[in-house]
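The structures considered in this document are given below.
In the two assemblies presented below, chain A is common to both, partnered first by chain B and then by chain C.
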Partner chain A sequence: MRPHRPRGAEPAGRRRLGRSRSEALAFYGFVSPWVIGTALLTLFPVGYAVYLSFTAWDGISPVKPWVGLDNYHEVLTSGDTMASLTKTLLLVAIIVPTTIIGSLLLAVLLNEKVRGRTVFRTLIYIPAIVPPVAASLIWKVAFDQNSGAVNRFLRMFGVTAVSWLTGSRAFVVLIVVLLWSIGAGIIIFLAALQTVPAEQLEAVKLDGGGPLTAFRHVTLPVISPVLLFQTVLVTITTLQTFVPVLLLSPLSDHGMQDVYTNIPNANRVYMVDVYQQFFAYSRYGYGSAMLTVFFLVIVALTAVIFKVAGRTVFYAVDPNAPAKEG
Partner chain B sequence: MPHSALSRRSVLTSAGFIAGAAALSACGNSGTTASKTPVKAKTGTLTIMSVQGEITPAEVAAFEKAHPGVKIKQINTDPTRLNAMLAAGNPPDVVRDAGTDVTPYIASRGIALNLDEYFAQSTVLKESDILPINNVWKWNGTAQGKGSRYGIAKDWSQDSMWWYNSDMWSAAGLKAPDPSQPITYDELADAAKKLTKTSGGKTSVYGLFTTTASMNRIGAMAATAGGRILSEDLGTADFTSPEAIAALTWLVDVAKAKTGYSLINPSPDWDGPEYVAGKQATSGQGYWFGGFLGSTAKAYQSKTVFAAAPMLGKKRVSPSFGAVGYWIPAKASNPGAAFQFIEWYCGGAGAHDRIAAGNGLPSLKSMLSLLPQTTAFDKAAFKVQSDELAYVDVLGNATPYAQTTALDTTIAKAFTAAVGSGTSVAKLADQLTKDVNAVLANGKKLAGK
Partner chain C sequence: MRTPETATPAPAAETAPAPRPSRRSPRRVVVFLTLLLVSVLLALPFVTLLISSLRPASQMSSDTWLPSVLRWQNYADAVKIIPFWKFARNSLVLSVVNAALTTLSSAIVGYGFARLRAPGKSLLFGLLIATMMVPQIVTLIPTYLLFAQMGLVGTYWPWVLWGSAGAPYAIFLYRQFFSSFPKELEEAAVIDGAGRIRIFVQIFLPLSRPLLVTAFVLAFNVVWGDFIAPNLLLDQSNTTLAVGVSTGYVMGQGFPLPNLIAGGAVLYLIPVILLFLAAQRSYVRGFANSGLK
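Moving on to the complex of A and B:
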């Protein structure tokens, strides 16, 4: 007969086992919504898209003709697709350094103890909280050839009204719109700047170093992980630019047709091309191949950034060190 | 008595209108198959994919009252969603679309239901009463305009026709053209230059309506010179014919002149709001635009004149760029009730008010007499429209191998690039022929041809 054991009097080993099991159950319970969500809403769609990329599906027909690597061959050899990819990479080459350097410099300025600092911070951050749709539409109105504020301003200097939203100038407007939300980066850099140890800055000063020396040898290393994070984030979001292009284009209530025909060639970036392949040309297979290639481009670019940054990023805590037991 | 005299004129005009329509109808008869299975409508939900707000709550209520047990559920027009629903085998019961653009594509792929039996049994949409414009909804396996019916227009217009502001016209020192007689595209372009008001690079008034280089526009222009873009088998395109070159030359010239909105200077809106805001002296819309003015800017009617479609050559052709109406997907769950809705909205009580307000021409000859003929504006527009009706035609600008959107997107890319870089029209025509044929070739390959 097993002896009666009062509640809470289990042997220590079994108690530990029970606790670790319940902890494990709690862990899986908490993460399962995300695991299931990721599996259903990310892994399955991505897998399905990869499958479609080997077909010539038109989006409607019940059959999905298998074409092997034909779509990939076309993606890599199509002049139109390569042109849109080049345009997108050009956009990244302009937006990423401008955003990172610009927001970092402004953050450093706003970190100085100057009068009205809070007001400046607020003013610079406001554009970041304006929804992208509203921001794009504001710029679209401002750059309108016949009634926009930009041309009205230029006219004061005798400049003839410019058609900003068409032709190659549309690319300039797109860059302005993308740079408009630089405030979000400033806030992140401002937060990072607060972590720079004052005593280290003081030490540089005592050693006779100037502000530039302090920035280069203390501030930059301390905020370098944030710099890396921002670079990766801005690169990925710029590569995926789509909505601002759509919103800057003249779209009437003629319906979706305008989305395909009224986007200036200058702004036909990669995601616009993908969208048109799917929905104007009904080339779901080719569009999926474009997305798969694009995914690989993003992964490669991110890997390059990490590789380059790996030599320069300074971690106060070793990111590879094992977590401490609580 | 003046009143009776006017009425007599109206009646006579209507009679001429109907006689012309009847003659054309006889020419375009397709010989649909005889009815075999009685068409039955189920009760329950009827899902309609249409433009938000077009079918009003009052119309929904009236239909549901007339068809007890059927409840309408509207979903907004969304090609992506439609594709997904079709692919999943769970399509809407009714889909709104442009018959001129979609018929070969949806019929040849078996996506749309062949409605011959439905029309054969219909007491509302009788074959003898259907206007020939609805031939754009026909497909016989090789040609649009012949064969089985796959849909019908809810209302329609001849979209190469145009309207002009007579005050602006006379203020520019232009002689008012006879609205029933077509002017040439060159005359129109010259007038547009005089009507356009530009200062410091800003344009306050555009003389010309929006001219988008598209399959419909280029095809319609070329047709007036006796040409066509697509081959007879709809498998290839040729933009290098003299007729197509003439159309492209005109479109490039007006785009460069910036006397109107175009692909290189896209309109912030469609013609209507720009016209009633006094920013455009002309509007490139069909008959339905009169109804639009009646409901949104009635004061404009007194200074607005409806005119015949311009011509590039000697052949008078005045097509529709849409004949927008409805089709029923082959896998619709309630095709019987779907057809009941189409009958009601396109030829029954649901069409009555829309046609009487002048918001487009009816699909049935018997409804032509409903068109507004009360005011001087109504009568003038009706007269011009009556004369124009004889020149409606199915142009064959759509193909089973690609959606019109794909062809128009291809045209837009090449057109804007060419105008922007100053490429010659001949080179643009070569480029368009090459690019559009590449799209068609891809479609043919998928179709196994």
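Moving on to the complex of A and C:
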């Protein structure tokens, strides 16, 4: 046995090969819940929607008449659909920069050693954990024409009975609801700010640079991957805005059946249009085409964000590297 | 003046021994006042909600900020006018079942991605990241059509299936967390003849306690807060509190009852806030340790 020891590489190699095969098997075993789930609950539905988008299915009849690209042609030429898409992009253009800059600013302030910052952090973060359903109801009550706190406040200045939830003002309320959760990103931003090396901030100070210089040349590059991640996340979330729009508008006791007609024009975002096509007009083919186009818009927007950020994002370390104990 | 902060400086927060601005520097004051203002502004809606929920119907449009009497009966009405406790029980069952399954499943999948090597792994991980970007709202309607064909509309099975599949964000958090341990951790166990499942259950799962809490709270909040899926998939007899509270408080012709909406919203929010406050520490640590930065 002993003389063979130095040449043990071969059996060891074979053993490693055997182990790597069992390791691969174990890997697929461990990830199988997600693989099966994604195939069934994400990939298949997306594929099914793409298929339906080429048909004029009404959701009931056994035949799904093939109409080729007709639905796509209609999506791109329909004034209503383009209007709702534009409205959604406007919402993104307002919400994303405000939320990202606002929450980063708040995180920077919360990173200072001021008294009570734990309390501040909790207070600023709590609206972000309030589910959209509750947030919508809270603001619906606050903006109520007769009983709402907002109009009670305005009455102190002689402004009476502003109808906030109808007409073009409803868009203002929607923005307020979405901006209320501005603190959503602060936990991640705070974690990122903690990784900024103190000695580099010191160095800038020694060179005579102010806090703004330090922020631009040290802090910003270090946290830029997080900034990118948050921007993509908030963009995707904002594009999907639907529940606040639905719940801010008056509901009838018929439940959800005729709710879409009550939504003020100012708040007719893309998803309202989609749900209306599916569930009010039973246009499953057209609705599916709208979903497919929407998905492509999201992919395109994400790609643009990555492209723009690609030049500025700075990966000091491999982003996939294990995190240090923070 | 004795300040507890200066008496026990946090060792982690210690920076260079350079002279630091005093605690009362104008900059600190400005930061403090800004944070105070923002906190008050963001907390104000909770205060007005509480007041609305206690306002008697006769004083709904009164100019006074505080009603002359607090009508606690509003809460009793809010749980009576809709089958509140039934909806709450449905929400609780769905949220707990889904969150428990999501937490466990995501930990299992996250372990696979973090600690095991296999051909095709990076491809699958790319797919995981890609599905994080697929908006739930895009897949929900086609998934609903699928569930309808499987006869699962009106049942709780969709939440069981969603939970069993794990959630991409939670899988990602686990993967980052489990990657941070040295390889030796399982190598010793492998030499002892322990299988992968035993290594996962006995070594990695106990280590991930803060993340378990984070993933559970996140998943619980998603289901408890979800309106669209229960609205599509369930009916009046078995739907959740989110749907009940947001559609139930109307008189005939859709005339809303703001004080009851407020009362219902308060009761609906209590579990979310309590869960967050109870789990806050682990929650923040779970994020900070995850490497999601």
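Going forward, the second predicted complex is superposed on the first by the 306 of 326 C-alpha atoms of A that agree within 3 Å, B and C clash if a C-alpha of one lies under 4 Å from a C-alpha of the other, contacts with A are read in each partner's own complex, and residues count from 1 in each chain.
In this section, a residue touches a chain if its C-beta (ideal position, glycine included) is under 8 Å from a C-beta of that chain, and two chains touch if they have at least 3 such contacts.
Nothing here was measured: the structure is a model prediction, and the numbers come from that model.
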**Item:** Partner chain(s) touched by A:Ser282 [first = chain B, second = chain C, both, neither]
**Value:** first
**Request:** Give one of first, second, both or neither to describe whether A:Arg155 is in contact with chain B, with chain C, with both, or with none.
**Result:** both
**Prompt:** Of the two partner chains, chain B (first) and chain C (second), which one does A:Ser163 touch, if any: first, second, both, or neither?
**Reply:** first
**Request:** Pick one for A:Trp66: touches chain B only (first), chain C only (second), both, or neither.
**Result:** neither
**Message:** Let me test your reading of the model: by the given contact rule, A:Ala192 touches which partner, first (chain B), second (chain C), both or neither?
**Reply:** second
**Request:** Classify the contacts of A:Gly37 with the two partner chains as first (chain B alone), second (chain C alone), both, or neither.
**Result:** second
**Asked** Given the touch rule stated above, what does A:Pro250 touch, chain B (first), chain C (second), both, or neither?
**Response** both
**Request:** State whether A:Asn146 touches chain B only (first), chain C only (second), both chains, or neither.
**Result:** both
**Asked** Is A:Phe306 contacted by the first partner chain B, the second partner chain C, both or neither?
**Response** neither
**Message:** If you tally the residues of chain A touched by each partner, is the higher count for chain B or for chain C?
**Reply:** C
**Prompt:** Do chain B and chain C touch any of the same residues on chain A, and if so, which?
**Reply:** 59, 144, 146, 155, 250, 252-256, 278
**Message:** Going by the contact rule set out above, which residues of chain A touch chain C in the complex?
**Reply:** 20, 23-31, 33-38, 40-42, 44-46, 48-49, 52, 59, 106, 109-110, 112-117, 119-120, 122-124, 126-127, 129-134, 136-142, 144, 146-149, 152, 155-156, 180, 182-183, 187-188, 191-192, 194-195, 198-199, 202, 205, 223, 225-226, 229, 232, 236, 239-240, 242-243, 246-247, 250-256, 271, 274-275, 278, 284, 287-288, 291, 294-295, 298-299, 302, 320-326
**Request:** Using the touch rule from the top, collect the residues of chain C that touch chain A in their complex.
**Result:** 5, 13, 15-16, 18, 23, 28, 31-32, 34-36, 38-39, 42-43, 45-46, 48-49, 51-52, 55, 60-61, 63, 65, 105-106, 108-109, 111-113, 116-119, 121, 124, 127-128, 131, 133-139, 141-143, 145-146, 161-162, 164-166, 168, 171, 176-177, 179-181, 196, 200, 221, 224-228, 231, 242, 245-247, 250-254, 256, 258-259, 261-262, 264-265, 268-269, 272-273, 276-277, 280, 283-284, 287-293
**Complete:** Interface with chain A, chain B side, in the complex: residues 51, 77, 79-80, 83-84, 86-87, 89, 109, 111, 200-204, 212, 214, 263-270, 402-403, 405-406, 408-409, 411-413, 416-417, 420, 439, 442, 445-446
**Prompt:** What residues on chain A touch chain B, complex-wise?
**Reply:** 56, 58-62, 65, 80, 144-146, 151, 155, 160-163, 166-168, 249-250, 252-258, 260-262, 264-265, 268, 276, 278-283
